[in-house]
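Both complexes below contain chain A, partnered by chain B and then by chain C.
Here is the complex of A and B:
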């Protein structure tokens, strides 16, 4: 359940993959992109240790996704823009050329690598961890950070409030009727009351926070320290060096 | 909610009559009520970002035009906050908070960076006009500019340069409609929210507000 990436500081997981993403974004080399995709996939499976369900979805989903992109982008490609126009597959009047498939494959691998690199942090980091790390190390004002933390508690409240608003609307016969149009109109009617109740709640919460002296002192103590350790630096440097190491390895 | 007795506790510098006292000469820009209001809008729009991001990453594979249709959701929160609160930083704080909600999606922590960029981009138009213009046209111009800049970023990413002309036109049109439509939706929601009175004492009243009347143009 606990891969080593979960213990890494969120900031390392944020800034580590960024140059790699830029490298993936800029490269056109099919083999380099494939190496980045495969490498990140292995890192995710080993480092994040997601449940077998997520692992299976990753292992099966990545090749399927790349294949779908390769075919769909290959079909969209302007036939005049590619050199190799030998037909691989034909769907009636639409033909999938070999050159189009190559462009599609590069796009598919690039998107897969980008998504997997983003998932390195997505699968192993929670919102509160990230907020605490940025308050403690990025000099984000703690009042802003703790406002973000407090607003996370709003979500379950939104669910309850939505039930109340839905019942109230039903009792008053607001936007009745059947079908998708009436349903969409009903859903649209929930937006303003839900936001208004959220803002009202925000005012009450801010009063109660300030009555407990929130924001009275320039600094504050932390209940959950998120330290920057040596291993965070190692992870960061490992990601950064991969930008050069992977293309170099692929090209021998 | 916002009775005169409560305002000294929440926001020493925000009430018009408090501006006369020396203590309010330097109003605290980030009052807790302002931050939590941004937080509430960010939470509401951030929860929406989770399914939007999941659908977008699923659709990334087959239909980039669908992704272009969904990008408007990134802007709505910032537009609501900016139009409703009419204060510097509202779009940035709201957008970043809504990005934090989108961390458990395939976007991961890049969602926060993306939303921070969206927030800064939304703020730019208002910063250039020194936060004096809050008319709807500036929202529309801002989002159109953001759409144009975003277009130059994603066009190469989706290999759109080598796509057929029809696909290119559809992509560009969808992107612009989605983003400018988000500005329209955000302004509409902000107007309705201002009418409920929940931001009384928080949003300034002296300016011709984008939230009170669409016809007002000049101060």
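Here is the complex of A and C:
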């Protein structure tokens, strides 16, 4: 089961939502933001068909997240700065005003919409797909793209390595006190072995890549062409037009 | 399949796939200038189409450097000055860059982790041909053929990270095969593998050689597995010049003494046969493999001229007996540790410390999780003062976790572990590391200061030992670990063997009663491993209790007083080396293999002879290992 978004060119999924994100960032209209959030949520559920865990997390998580941000921002905002000071809820001396809640809701919905829009690409595109599309259509040199891909494999390795170094230094009795200064000194001590092994690993990987003719020619065979089709253009334009269409419909 | 490498086919058939002519390599030092001495130096040899050549030489002779020079990594990528000429398929490596030379030479490196670029087994094999611009259909055909040859086609969709070490190294061979280069160079391909992984790799290599469509140049220090695969050997001397070049059997058997003098480690079977010869047991012809030695011994036994063997630490192992559980299923969990322990007692060498005295290390039904996976299952183990215990097992069996729990590097649950009178779950790190020295697999991880001398002094200084005492002890250790000339160097600038010695030095500076080492021989050649085990044996002789995790089986049998086999987080056997290391079924079930000498003596019927797993146990052996 794959949603239709997975078949869309990664570049369309990346550059389609960007102007929408800008629109979300700029608008203060509660209803417009709610429409963007809901619309993107539905698009994700239908278009990406994430597993039931992710779907459940999205359907439950978005309202809960928005509510938490709305209430906490609503309490935090300066009551003098909001127009409507009628109290919605009171926790002892702390009062949540209608105006405060509105500001909080705007912030919560805006954050939710931004995260969901980023997930349009994030949930349906893998790193290699994005690199391939960039190399094929954006003239990103393949040496850069594939080197970046190879280096992504370093991240979990670095994490494991750091864990071992920390325990090794603890065994050596480097613990040496609490507080930020001692902490910084400890972290500095981890840096040398971590860098040394990171550099060595990177060197070895690059030897292995070069030995397999990486960089031999200006182009390389692409087993997975990522074509730009008409529907990718449609998706792109659909996202862009949503910037105007959604506010227009809401206020329609 | 089609003949490989069209570009080379235009050459006359007589053109060697590799020709090394008066080659010297000077690595560039930290100042960016070439160092004074070249290694290799003045090396000349050729590899013909389809030939299988083993490149041998002592540490530091430049074997690996030479391997890197075959496809231009030296001097194009690794900063070094190349003198002389290296030609592959007739091309001068100096005039062509590495990606271009990749059509002519394919390379497999030592570290399986550092050869993975993509996220799936199939993509990984396609990576090379794609770089060459081979059409899609052919890329896929090459990939399928290569993966089938190494037995990984069924796993093509997997992330390479999910393969075992041996699996990833087989993948690296597949990647090299897919390049369709007429020459395959392997640089110490088994150094990071456990015995099962090594066997996997050699099975693949045997098939490649049988197909006969590739010339192979193999740099390898583990001769016991490699020696029967290859037809020709090129031996470098310490300076990197070619000392011998000829058929493997001829060179190794006729020049054995000269090779030993050069610092080349011979196959164990050959060493054993030479020792037997020296003590009056004529073995002729000289064997290279364990099986050949076994047949020779068998012939001697059948003729009734084999001297009796008196292996240390064994009262004759009854034929076919199953004195200890072979697999997990054989014994109920509760009874296993006791049975194993009883056996260890029976198998203990004469004069070994009495186990009724207080144990130095006690692990009592320890279960330990890492993340969601249970790494140790209800594991029990006792170590008496003065033992040298080898903990053996395949990669991922739980050896490291067990050792780390014992030394308190990871905190075990309270009350489960007792070491040198402390519970690592409660003791503070400083007290613990004073009584229990711990050496990590990668020595760099535990180096914390800017000079060798400071590194040794560190453990004493943080404990407030006065400077005169510190200086005296550091001096003593510098001499003992042969680091006097390196005293002011930054520890990261030391060679691999020196770093390893330093890390053992830092762990022993507080004179702990227990020393725990995690795979100290990992990725090292036999000479360095022997040197290290020599140090450990000396510490052990002075009364330090040593626990060492390893999968180097011959090393274990030569030095340990006791072997504990760990598989899937459980102790599956525990006893004297002579007992445990002779049991092929048991060891295989744990992902291990018998050491070469045990494989040879398994050909005999005499229980005493079958228990000979160490060179030192050969009749009349006086020569130290």
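Just so we're on the same page, the second predicted complex is superposed on the first by the 208 of 252 C-alpha atoms of A that agree within 3 Å, B and C clash if a C-alpha of one lies under 4 Å from a C-alpha of the other, contacts with A are read in each partner's own complex, and residues count from 1 in each chain.
In this text, contacts are C-beta pairs under 8 Å (C-beta built on N, C-alpha and C of every residue); 3 or more make two chains touch, one makes a residue touch a chain.
Keep in mind that what you see is a predicted model, and the values were worked out from it rather than measured.
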For this session: Kindly classify A:192 by the partners it touches after superposition: chain B alone (first), chain C alone (second), both, or neither?
Result: both
Problem set entry | Partner chain in contact with A:220 - chain B first, chain C second, else both or neither | second
Exercise. Now for A:53: first (chain B), second (chain C), both, or neither, which partner does it touch?
Worked result: neither
Exercise. In the superposed arrangement, does A:251 touch chain B (first), chain C (second), both or neither?
Worked result: neither
Exercise. Between chain B (first) and chain C (second), which does A:212 come into contact with in this model arrangement: first, second, both, or neither?
Worked result: second
Exercise. Between chain B (first) and chain C (second), which, if any, makes contact with A:119: first, second, both or neither?
Worked result: first
For this session: Have a look at where A:150 lands relative to chain B and chain C in the superposition and call it first, second, both or neither.
Result: both
For this session: Based on the superposed arrangement, let me know which partner A:169 touches: chain B (first), chain C (second), both, or neither?
Result: second
Problem set entry | Comparison of chain B and chain C by chain A residues contacted | B
For this session: Tell me which partner A:178 touches in the superposition: chain B (first), chain C (second), both or neither.
Result: neither
Problem set entry | Contacts on chain A seen with chain B and repeated with chain C across the two complexes | 126-127, 150, 192, 196, 201, 204-207, 209-211, 214-215
For this session: Going by the contact rule at the top, pick out the chain C residues touching chain A in the complex.
Result: 68, 71, 73, 77-78, 98-100, 102-103, 105-107, 109, 111, 113-119, 123, 126-136, 139-140, 161, 172, 175, 179, 404, 407, 409-410, 429-430, 433, 438, 440, 442, 444-448, 458-459, 462-463, 492, 506
Seminar exercise, completed: Within the complex, chain B is touched by chain A residues 10, 13-14, 18, 21, 25, 65, 68-69, 72-73, 76-78, 81-82, 103-104, 106-108, 110-111, 115, 118-123, 125-127, 130-131, 141, 143-144, 147-148, 150-152, 154-155, 158, 191-192, 194-196, 198-207, 209-211, 214-215
For this session: Sort out for me which residues of chain A touch chain C in the complex.
Result: 126-128, 146, 149-150, 153, 157, 164-165, 167-176, 189, 192-193, 196-197, 201, 204-217, 219-223
Seminar exercise, completed: In their shared complex, chain A is touched by residues of chain B numbered 1-2, 6, 9-10, 30-33, 35-44, 47, 57, 60-63, 80, 93, 96-97, 100-101, 103-113, 157-159, 161-165, 167, 189, 192-193, 196, 198-199, 202
